[in-house]
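Structures are listed in the sections that come next.
Next, two complexes with chain A in common: one pairs it with chain B, the other with chain C.
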Partner chain A sequence: MSITLDFNIKKLNRNTSKGLHLHYLPAKIDGDAHANVDTYFNNYTRSEHPFEGRVSTNALRGYPLLGEQIGVPDGFKAAVLQETRQSMRGLTARQLRLTGTFDKLMFWNYDRLPSNSDCYRQAMKMIKVSDALTVPVDDDEIKRQTEDHV
Partner chain B sequence: MSKKATRSTQPKPDPDAPEKHGSEVVAPKKVFYISENLINNVEGEEELLHLERFFHPGKGRDALFVTLEQEKGNHIMELVEYSEPRRSWLIDSEVCSNGRIYMTTPVDTTFLALHYLRKYCAQRAMSLDSIHDDQDASANRLLMKFVNADHLKCVADVKVSGNTKFYKYNAERTKAWLAVKTRKVVDALKENNVYCGTSAQSQNFVRSEKHSDENTVNETDYLRMACDYVGRYLDVELYDELVRYLKIPTEIQALAEDQAQKRKSEQAQTNNSKKIKLNSGQDASSGLLDSSIDDAKESITSPTIPTPLKERTLTAKEKALAKGAKGSMSISSFFKVK
Partner chain C sequence: MPTAEDIKLKSETSIKVETSAIKDEDESMADTKDEATDDTNRISSLKSLGPFIAAQENSKNTIYLSDVPAVCLEKPCMLGVDEAGRGPVLGPMVYGISYCPLESKQALVDLGCADSKQLTEEKRDIIFNDINTLDYAKECIGWAVEIISPNVISTSMNRRTKCSLNEVSMNSAMGLIERAIEAGVNIAEVYVDTVGPPEKYQERLKRKFPKFKITVAKKADSTYPIVSAASICAKVTRDHALKVWKFPEGLNIKDNGFGSGYPGDPVTKRFLTEHIDLVFGFPRLVRFSWATAENALADKAFNMEFDESESEKPKYAGTKLTKFFKGTTKTGEIKREECRFFKERHLGNVTEF
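After this line comes the complex of A and B, so read on.
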């Protein structure tokens, strides 16, 4: 059974002025619920870090976090989708609705400066390679390959 | 006015109290990165994207793909998940435990069709609409609606009869096609500066020009990585065939050879390098850098390769020992409960 992305996908192209505010936390949190992020988290974000101006600091349950604002990778539009009527799952077709869009996020690391070593950045790098795999191969290239290969 | 009254007349929003608007029953949210190419392909306002399951040869089971069906042509993309063991989101003022990012990436449908061509069209030519998989009802839909039939000539012989095209799997052509694909991935890996060496290396480590001349990562490493990457879309047997076709040595073989070469050259150098470290400070720092790289390499290689190495060097001895031990009792036989 297919899942429908039940919204006008073109909407993602229109840059809405009020995007969602996202934090990508280096912790597993069990639970999906409302939280007072502004009071307990955003309030404590500081950017006067001694290393470099771009790095912000905060803490989660006393554990220090180092964060950096990074944009959504080129060629992608980011969206937060939410499933409707989960209790009916299996009975009706599943649907995902659009909650909002964003074009940048706060990427937080525990105890480590955000850098190119982060899995996230390496993964985004690898995503670019997937384009190379879909470039159509023409007959000449295959012919040359078979001739070269002994 | 009592203290209590003051508080009750000026109710402060209690941050700990769950707010009214459905604090508990929040349907899980998911973060998606959707490719702009896909969005730009959508024509009308009513066209919707779907997530569908098709058989993914690399995974050996079905996986989710993003599909777009419309009059001017259908599109399909793979849905890949980015997930780290411990990640979650704060979205505006909500906690989202699902720390994954779902991304749409382009996929060459020839890879998906290849699985069915090998399965059904190895012996005889068949038209795509006549391929039915009893266990997999989505196969027909995939082949008819999303596979780009023009590209199938890269992996199959095409015979045209009237309006119908018949395809017969061509193993040699497929391997050549895969080799070309692999080469393209190698180029992309180099272009994006993806490090493919066998040792771990910090991504922050910027090599000096002089160092990069030494070509620390050799072609084989790139080829192996690219081959693995292409292999993500192939049946296991086909992947093995590709590795043989490209003559890629296994990682263990390559490491063992590397080690053997290094040993020889090291024997001459070890004494010198130690002296350098002790004597001049400047040289010592460069020596340290080198040795730390070597150490890192060795610490990685040591747990993986000892068995093949030992076997290689000890075979002659072992043979002699085995010969001598013929007919004698195994030591464990002395410790059996009687």
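After this line comes the complex of A and C, so read on.
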């Protein structure tokens, strides 16, 4: 089974200032439908939390949220892909289309200030680790390093 | 003369005016502003109450203090505290205080301040208007209210460390008394109406305000005219807050389309079932922390589960010896635990895209 990403690469590189506004919510929502984000949520985002100016406040179903904007890691592009023919899943070649891109997202915590212990920030550390593990090393460098140590 | 003791401050931002120099400046600014936008910055009659409330952000708390009558700065005063809208599943809860010199009790009686639940809505409106417009009332009675937004009620009650409605109430009452003290009211006696057990409440107020004679009683509303006055201010404010409620969600609900807000009211029930958003639940007029609201969502909206990871944290009991034999299944296959690095970072392998 193969997966085809069916879009023009230029679209991905296009200025993303008009990109999607993503919210990373600290809740599992058992549902998939259109959401009235602007009127029921964005309308209520405030950034005057007493602790720090960079922190925004809002609420989800009466649960208090504290959030901050986080950029997509350097060197990465963020895209939302959608599959049109979902019923064919797993049977034939799949085709995914680009529905939008974004360069930052709003990360929300349930009643806790955003910090380095948040799962999202923790997970993103993988990028640094994989970078370190995949940097190509050539013979000259190895020679130099061993000589330094001798 | 008490110049317009400035009026409107959002309780959440609670900006305190530090020096008298800044204060003077603020007041002169407020004075000029008052003239220009008199209708939404000041409550001077029943008519200006609605526009004032409508101009505030309804997802946050709002505090309003009336001008302090000159006599209240000098003569010892009594102060009454009461609330409105504690039980309803929607709309704000309003705390009200009113105060007047001990010797002016007759003025309250003349105004008709009695048990506010015995009074009709119309009568309450008239008394509220009288308090703000009649000279003999304006000269001795001052009042203040805090409109506690349903959004704030929900989020307080749903915090990780829950803040109960009683806690919210007490903080509001004490906050208002403090504001009256800051405004220079010479308080001698405080009367508080309570639904819960009076003893605990009384003790807390005593600790906070040791200089005042404090009386906390059930149904103080019908016993002490000053509490009735506070109750009327609170009730009238709550009623108007609902009347002028604008839905940031963009809903357009006709006058009284949500009923009294009491969970038993059929109009309220219908409102709750008809205005469910699958993802976000209700408009924030509704108190999500009420069982009625939660139940309505449990049936009709998407199920939603919040991260509450700390409650699930397993207690560390040391490595078990048998752990080393557990890895193999019957077929001899070896199951490996995921590396700690990945586990702690919530990372896992994905083969399905």
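Here, the second predicted complex is superposed on the first by the 129 of 150 C-alpha atoms of A that agree within 3 Å, B and C clash if a C-alpha of one lies under 4 Å from a C-alpha of the other, contacts with A are read in each partner's own complex, and residues count from 1 in each chain.
One rule holds in what follows: contacts are C-beta pairs under 8 Å (C-beta built on N, C-alpha and C of every residue); 3 or more make two chains touch, one makes a residue touch a chain.
Source: prediction; values computed, not measured.
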Q) Should A:Phe76 be classified as contacting the first partner (chain B), the second (chain C), both, or neither? A) first
Q | Which superposed partner A:Ile9 touches (first chain B, second chain C, both, neither) | A | first
(Q) In this superposition, which partner touches a larger number of chain A residues, chain B or chain C? (A) B
Q: Examine A:Lys125 and indicate which partner it touches, taking first as chain B and second as chain C; both and neither are also allowed.
A: both
Q) So, A:Thr84: does it touch chain B (first), chain C (second), both, or neither? A) first
Q) Thinking of the overlay built on chain A, is A:Gln145 touched by chain B (first), by chain C (second), by both, or by neither? A) first
Q: Classify the contacts of A:Arg112 with the two partner chains as first (chain B alone), second (chain C alone), both, or neither.
A: second
Q. Touching A:Ala27 in the superposition: chain B (first), chain C (second), both, neither?
A. both
Q) A:Pro136 contacts which: chain B (first), chain C (second), both, neither? A) first
(Q) If we overlay the two complexes on their shared chain A, which of chain B and chain C does A:Arg61 touch? Say first, second, both or neither. (A) second
Q.
Can you give me the overlap between the chain B contact set and the chain C contact set on chain A?
A. 3, 26-31, 33, 35-36, 39-41, 119, 122-123, 125-126, 129
Q.
If we count contacts the way the header does, which residues on chain C are in touch with chain A in the complex?
A. 12-13, 59-60, 151, 154-160, 248-250, 277-281, 283-284, 287-289, 293, 297, 302-308, 341-342, 344-347, 353
Q) In the complex of these two chains, what residues of chain A are touching chain B? A) 2-10, 12-13, 20-41, 72-73, 75-84, 86, 96, 99-100, 115-117, 119-123, 125-137, 139, 141-142, 145-146, 149
Q) Of all residues in chain A, which touch chain C in the complex? A) 3, 26-31, 33, 35-36, 39-41, 43-44, 46, 48, 59-64, 110-112, 119, 122-123, 125-126, 129
Q: Note which residues of chain B are touching chain A in the complex, please.
A: 15, 18-19, 21-24, 26-40, 42, 45-53, 64, 66-67, 80, 82, 84-99, 103, 105-108, 151, 153-154, 172-173, 176-177, 179-181, 184-185, 187-189, 192-194, 202-204, 229-230, 233, 245
